[in-house]
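Questions regarding the structure given below will be posed in turn.
Letters A, B, C, D, E, F, G and H mark the chains in the order given here, with residues in each chain numbered from 1 onward.
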Amino acid sequence: MNIKDILQRLEAGKITRDQAEQEIKALSYQDLGYAKVDFHRRERTGFSEVIFCEGKSIDHITGIISAMLKKGENILGTRVKEDHWSVLQDQFPGLNINKQARVFWQHNNQPPITESAIAIVTAGTSDIPVAEEAAITAEFFGNRVERLYDVGVAGIHRLMDNMEVLRSAKVLIVVAGMEGALPSVVGGVVDAPVIAVPTSIGYGASFNGIAALLGMLNSCAIGVSVVNIDNGFGAACQASMINKI
Amino acid sequence: MNIKDILQRLEAGKITRDQAEQEIKALSYQDLGYAKVDFHRRERTGFSEVIFCEGKSIDHITGIISAMLKKGENILGTRVKEDHWSVLQDQFPGLNINKQARVFWQHNNQPPITESAIAIVTAGTSDIPVAEEAAITAEFFGNRVERLYDVGVAGIHRLMDNMEVLRSAKVLIVVAGMEGALPSVVGGVVDAPVIAVPTSIGYGASFNGIAALLGMLNSCAIGVSVVNIDNGFGAACQASMINKI
Amino acid sequence: MNIKDILQRLEAGKITRDQAEQEIKALSYQDLGYAKVDFHRRERTGFSEVIFCEGKSIDHITGIISAMLKKGENILGTRVKEDHWSVLQDQFPGLNINKQARVFWQHNNQPPITESAIAIVTAGTSDIPVAEEAAITAEFFGNRVERLYDVGVAGIHRLMDNMEVLRSAKVLIVVAGMEGALPSVVGGVVDAPVIAVPTSIGYGASFNGIAALLGMLNSCAIGVSVVNIDNGFGAACQASMINKI
Amino acid sequence: MNIKDILQRLEAGKITRDQAEQEIKALSYQDLGYAKVDFHRRERTGFSEVIFCEGKSIDHITGIISAMLKKGENILGTRVKEDHWSVLQDQFPGLNINKQARVFWQHNNQPPITESAIAIVTAGTSDIPVAEEAAITAEFFGNRVERLYDVGVAGIHRLMDNMEVLRSAKVLIVVAGMEGALPSVVGGVVDAPVIAVPTSIGYGASFNGIAALLGMLNSCAIGVSVVNIDNGFGAACQASMINKI
Amino acid sequence: MNIKDILQRLEAGKITRDQAEQEIKALSYQDLGYAKVDFHRRERTGFSEVIFCEGKSIDHITGIISAMLKKGENILGTRVKEDHWSVLQDQFPGLNINKQARVFWQHNNQPPITESAIAIVTAGTSDIPVAEEAAITAEFFGNRVERLYDVGVAGIHRLMDNMEVLRSAKVLIVVAGMEGALPSVVGGVVDAPVIAVPTSIGYGASFNGIAALLGMLNSCAIGVSVVNIDNGFGAACQASMINKI
Amino acid sequence: MNIKDILQRLEAGKITRDQAEQEIKALSYQDLGYAKVDFHRRERTGFSEVIFCEGKSIDHITGIISAMLKKGENILGTRVKEDHWSVLQDQFPGLNINKQARVFWQHNNQPPITESAIAIVTAGTSDIPVAEEAAITAEFFGNRVERLYDVGVAGIHRLMDNMEVLRSAKVLIVVAGMEGALPSVVGGVVDAPVIAVPTSIGYGASFNGIAALLGMLNSCAIGVSVVNIDNGFGAACQASMINKI
Amino acid sequence: MNIKDILQRLEAGKITRDQAEQEIKALSYQDLGYAKVDFHRRERTGFSEVIFCEGKSIDHITGIISAMLKKGENILGTRVKEDHWSVLQDQFPGLNINKQARVFWQHNNQPPITESAIAIVTAGTSDIPVAEEAAITAEFFGNRVERLYDVGVAGIHRLMDNMEVLRSAKVLIVVAGMEGALPSVVGGVVDAPVIAVPTSIGYGASFNGIAALLGMLNSCAIGVSVVNIDNGFGAACQASMINKI
Amino acid sequence: MNIKDILQRLEAGKITRDQAEQEIKALSYQDLGYAKVDFHRRERTGFSEVIFCEGKSIDHITGIISAMLKKGENILGTRVKEDHWSVLQDQFPGLNINKQARVFWQHNNQPPITESAIAIVTAGTSDIPVAEEAAITAEFFGNRVERLYDVGVAGIHRLMDNMEVLRSAKVLIVVAGMEGALPSVVGGVVDAPVIAVPTSIGYGASFNGIAALLGMLNSCAIGVSVVNIDNGFGAACQASMINKI
């Protein structure tokens, strides 16, 4: 059952306009009052709704998970607050969790894994939590992921040594804090799209990731686009779209 | 008794200039030393004084409440600090409280409820605390409120489905964090004034609400004005003025 | 002829879905390639489309004016570039212009003038161009306007002397540069909504209007909302909505 | 002849290390003193070197064009200064130019045109120069381009009317100034990657594109990445990489 | 004994250059290694050294107090950290403290009190901690202080009622957060210098006092200068210099 | 004739309330429509109204000058636009002008010159225009001025050599761009108030005077307050108030 | 064994290209998965790898220390988190620690101490933690260090008294918060390079060190360069390079 | 004749204190009123005074040049305004000029050229004007300079090809705009100090060099310090100090 069907039945006079409206609504989201869970998103964008936990009360989060589980949706939650973990684990024992990356997930329908890979590259060890948010998200949506961590520009031979990983990827996510120079260097040696993720790693004039963000936006390399600071999730979504073409 | 009367008695020689001065002062505010409670504000602006709790010590807050209760004023306090709740509830058991919205209130004279409504709309579930500050404030001043939560632009059919709520309101308060795009979309489909409230929901380059604030100030839609980040209270005051015209 | 009619004819089988689509499109906007002139906006928002000239080439501007004139629309253009005036005046002799306010306008259907008034108040003489953008816009949409200029807070008796103008308005637009304090003072003495317009007047740490903008967003007065720096037009649109309630 | 060949001949003792070095260098770039023209870039990244004209003297620009023409390279120059046009047209009559988009280009080897398309969408008419920089760049590299201009969120029916264009594209470039909300709305209705380009269109608190940039970085939609303000060129390069997968 | 004496004895041959150097050093500061306590400051600037406690370890603070007490200096410490109070009170029972203002002080030589007064005015109750830092500092240096608190511009009659306090002061310190408009209004009605102190009171676009700071720097009133955000101490020092002329 | 007289006549019944209102208004300002010239300011603040020319049209400026000349006021205009000079000189041959400082002035009643002096000190030669705006303003209001230019901290012996000038002043204006360090050094060696004026001299990370402004606001010296960037006028007004105590 | 040797053996046919690759990699870094420890850095830059602890988990930190100890490297760790100290001290009893400076270190090969000295100078006592990070780092790499603390510009005689220390150093590190003026004054009196370190000491408009950073970048003195806010470590590295020339 | 001599004669009674003062002043600077030319600077810092032309009137500039020529000083002027060139060349035909770098210079005593070299490296061709300001300044002070231009990170083989230039320099100046990544890469492969110069080359989110500045301040490489945006002169001064050790 989808929207086109409903409209055809309306045109054919099988249902009234009011009935059509009700059916379309039921198809597309559930109104919990505090949230309108968007079941239609996967149809439109290829991704089911993901729970952004920041700023939500634990009651709202668990309510949304329950509603999605009932519909048989795959579950992914990001940016979980430290003190919400215990409730989540108690109430939903089926959830997988990664506290470093601050995400939880559960598959009801495991998607097939792609042959082509997304390479996820970090400048430093401190950037790993953001990289893992990206990696888990990408895997959640069925992508093969290649991790290449701690190959920042201050020791550029570490990057050069791993050129094969870079060159074989269909799309790359490059994660860096501080001066955020790594995407420019990577972008200069590959012919695949690079999605740059600035991280808030650094201090002083890093301004919680502004320095890295600006560096990446001004990259002199070709084929580099940027997402929000620490937004591993967003980078993985776009990379997944590209990887699945 | 009001200022005009006092001035006429001065002119008529019934009171001295010193007496006139004393009477006018007594009429208009009470000097607690640390605060000059403005009883005259309702006459000037239609709103009694509201207690902005941020930065005030608990002693100052309770002192102001006491002074206002003695005068029979309606009480509304906003931005309450977490650790002030217990003192407030102990000392003033008549107070209504909403911890999520960080407000307390008490009516001594319940104002009549308007027929026309203020619609309060949020982009996400995380914006609800700010929206509730607005909703409670609006209701405190006697307005009918219609809540429409979690209808952000990434799933625009959820908004389109509820056009009736939007179109029937006399004035709208639209609350959004992140990119703050919702007021532009709403402003494009209604012919009533839209008061946009940016929230500090988001991370990284949201800069605690700056991104949403700037988005709203630059709205390409007509009829949108903006208040401070997270300022549900201020939006409700202006909306109330408009709704009561 | 409107959208509802078209949909009913579609349902009744009088027109095909393709025909319905064409008719709805023709009803609502004209596609010039470089612009999609929105004839439907007045129906939705109460305002016809206004031409924001900044960044548009003179060819695009004249093309849009011509398209609107052919449809019999009222014309209003804002933020006109200095070197576009002569072409506009040559090509459209019917246009009224105000170079200080950088606007042009032409009525094909003069709207009736409201009884109630919008007060437009400035802190200084230098703020007048922005105030006039607001005043002309408000008058264009059929509002009565009361101007009160150069009553800034450094000589507060000038404001106090004109309290009657302030108090009799249904809604006020308060325009100020530098520290932008005037809306707070005005907001403290009236019970009507105040729409504050920061201007770029000032130097140094005024940062082209940021100081005034921030001052207004943080106003301690009740009932004040804010529009973009120098946005007299936007303030007038919202004021018009309120004034016409 | 490529690097691998040279290294094999070195290993085979056919050339000395010095000879190998010279050959590799000649293969990869030409040193003009003020510029090292990177002939090897196409091999690495799939794109030949492009001339970023900002800040370069006209002598340096013409020198680089001449060097590239001699090698038979395709020529693309961006961000041309107003007063450089006449010299460029005099000296290189074969150049195509677009002054609005500030680019020039010339093909020596016309690449084949892709079947799949890049959709280039703008919020307003004023955003067209940036969109055209993207469109010409994309076409220069052999991509089919679909233009959809002036469909901003204040009149969202114009966007809805053209859903087909949006949905049929393999990748989308969405160009917007002011509040930059369009990519979020587009990202919510398509399942292809969206590359958002903020423009410097706006005034006051748009801060020359910062408002749009922040809005796009904070997009609540999935699959949106961002490039620098006014960087139509960069968006086109990444879109081309994706479109050609 | 002072510098002039030492130099005369050097010239007269009564002491060697080395001796002169030693004597001048002993006269002027004591080197504690981690601090060079400046006993000479009072001679140069009229103020003895004051202990700025922010960022100093408790050991450094107590070491400096001890060194100053031994020299018989008056003691004033500002910006004390919450968890340093108990050590300070235990170790130096003679200290007066004010935790709200975060200062401690002790007189060994009580200066005489001036006849003329410094008026210290606040916009709100929340600004009192900063105002008290100023008031205590001013009194520490022997100034008479008049406090006038909670007279912000949203209820301007409270200010007008107390014009006498404003007009009788030799110099005024005006303390305000949020939009920081009060100094402009006060500066417009007095003929004495106004030292404006922005406070970090506010939220959202107050940016911890930036809005108030910018407002004050851009004051349209005459005779207003500004000190750092929350810098009651600095304002009091300059006010004291002026009050003692 | 002053306000007190008018009020007494009102109380005595010699005039009506309407007459009193008219008389008070006439006494205090003249309404030119585009400006309300504040003749009462001198009574309140000790300074007659000064014409801030930035953003005013030449017609408004000449209109205000004419109105003030008719009332016999002293004239001072600041921040004159380059292309207004010729009209001003033609129309008002009695004006003194200083183009470097961008000011004009004319005395109808020359005030007496003070015995005590204001020292005006600059860090560099490039700061002189701002210093001269201060110097001319101070002299306009009857102050003796001592100029000490180009004594910045990079050659601190130049400052030390002129300690006498610094120490003999009753109040100092210290003008500096770039890092703005001079007020801290001067403030450390004098016991008079220092008013610091940041200038927009510098480049790059001076951000048109922000670096100097921040440096001065954070001065570790005692007795330093700050005015807006390039605001020589404002510094002179406050200095004049202090110098005349 | 070094890279040159390996390449010669490759050329001589003694090893295969695969073997050469393995040998070079083993020579230069160890891949721990989460980190690629760069043993080759000392050869390239003169400094062994230093552990930047910010943002790293305690497991990653101890893993890297262990890997380095096994290779016999000297150990230096910076920016240690408060709650990591106990694990570090338990697990590696050989580590020296300085909690104020937040560093740990251990020598396996003590480098010889230089004859020439690096002078490390602070404006205040509160700047000492950053200065000590620099001092310990410099000593770790074998430099003689002269400390001169609390000689800020508000009491410039304290600096002048210690000119000998300043003048005898081969290179100077000058550490200051607040207005950051000290490097300019020091730079004006020495002929050796000055490396300026802004600190986050201050409040309000110091913006966590931005004021000091901007002041130092705009220094009018010659020979001053700047490192990141609170980056004592970076300053010491460059100073060590210069001191060892 | 130097200061020590003068002081000894004072001590010996050969001159009075007044005479001593006069002699010391004459020795060290010449007071032109608008400038105090610092002839003593070379003695203190190793560099004669350099004329920073920004913000100075042409009369002041020529006055300073004349005074310096009379004393036989070497002349260097930076940041010359476009319309000052003709006067300078007419009045001082002996001046060398470089308009691209905006500098003029003239030697009266040619310093000897160093054997060791300063390498000056740029990321792009557009950075050359800043690099030339550095190169000419360095040569003016007697340093050998190696130029290596247009070796930015997007084509990193161009840098790798020229490792010899990088490795043989005693100190490096690395000039880059946009993301400013080059100093990090260079700093990772050399063991000499790197002075990074951000340039204002770029657009949009480069914010006139802020992106590059922040990138360089946050460099993950060791031994990198930074000067102001576009400050080639300052980098050259420090590099010269280091190169001459």
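What we mean here is this: contacts are C-beta pairs under 8 Å (C-beta built on N, C-alpha and C of every residue); 3 or more make two chains touch, one makes a residue touch a chain.
This is a predicted model, so every value here is computed, not measured.
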Problem set entry | Copies chain H and chain A - interface residue numbers shared by over half, same or different | same
For this session: Select the chain at the greatest separation from chain G, using centres from the mean of Cα atoms.
Result: C
Exercise. Counting in whole Å, what is the centre-to-centre distance of chain D and chain E, each centre being its mean C-alpha position?
Worked result: 58
Seminar exercise, completed: Here the gap between chain F and chain G, centre to centre from mean Cα coordinates and rounded to Å, is 48
Problem set entry | Inter-chain centre distance, chain F versus chain H - centres from mean C-alpha coordinates, in Å | 37
Seminar exercise, completed: Averaging C-alpha coordinates per chain, one finds the centres of chain B and chain F separated by a number of Å equal to 41
For this session: Give me the residues of chain E that touch two or more other chains.
Result: 41, 124, 154-155, 187-189, 202, 204-206, 210, 213, 217-219, 221-222, 228-229
Exercise. Okay, in this complex, where on chain B does chain E touch?
Worked result: 21, 24-25, 28-29, 33-36, 38, 40-41, 44, 52, 54-57, 60, 64, 79, 198, 200, 208-210, 213, 228-231
For this session: Using the touch rule from the top, collect the residues of chain D that touch chain C in their complex.
Result: 100, 124-128, 149-151, 154-155, 157-158, 161, 177, 201-206
Problem set entry | Footprint of chain G on chain H - complex, ascending | 41, 44-47, 50, 170, 187-193, 195, 213, 217-218, 221-229, 234-235, 237-238, 241-242, 245
Exercise. What does chain C use to touch chain E in their complex?
Worked result: 123-124, 152-156, 178-181, 184-185, 187-189, 202, 204-207, 210-212, 214-222
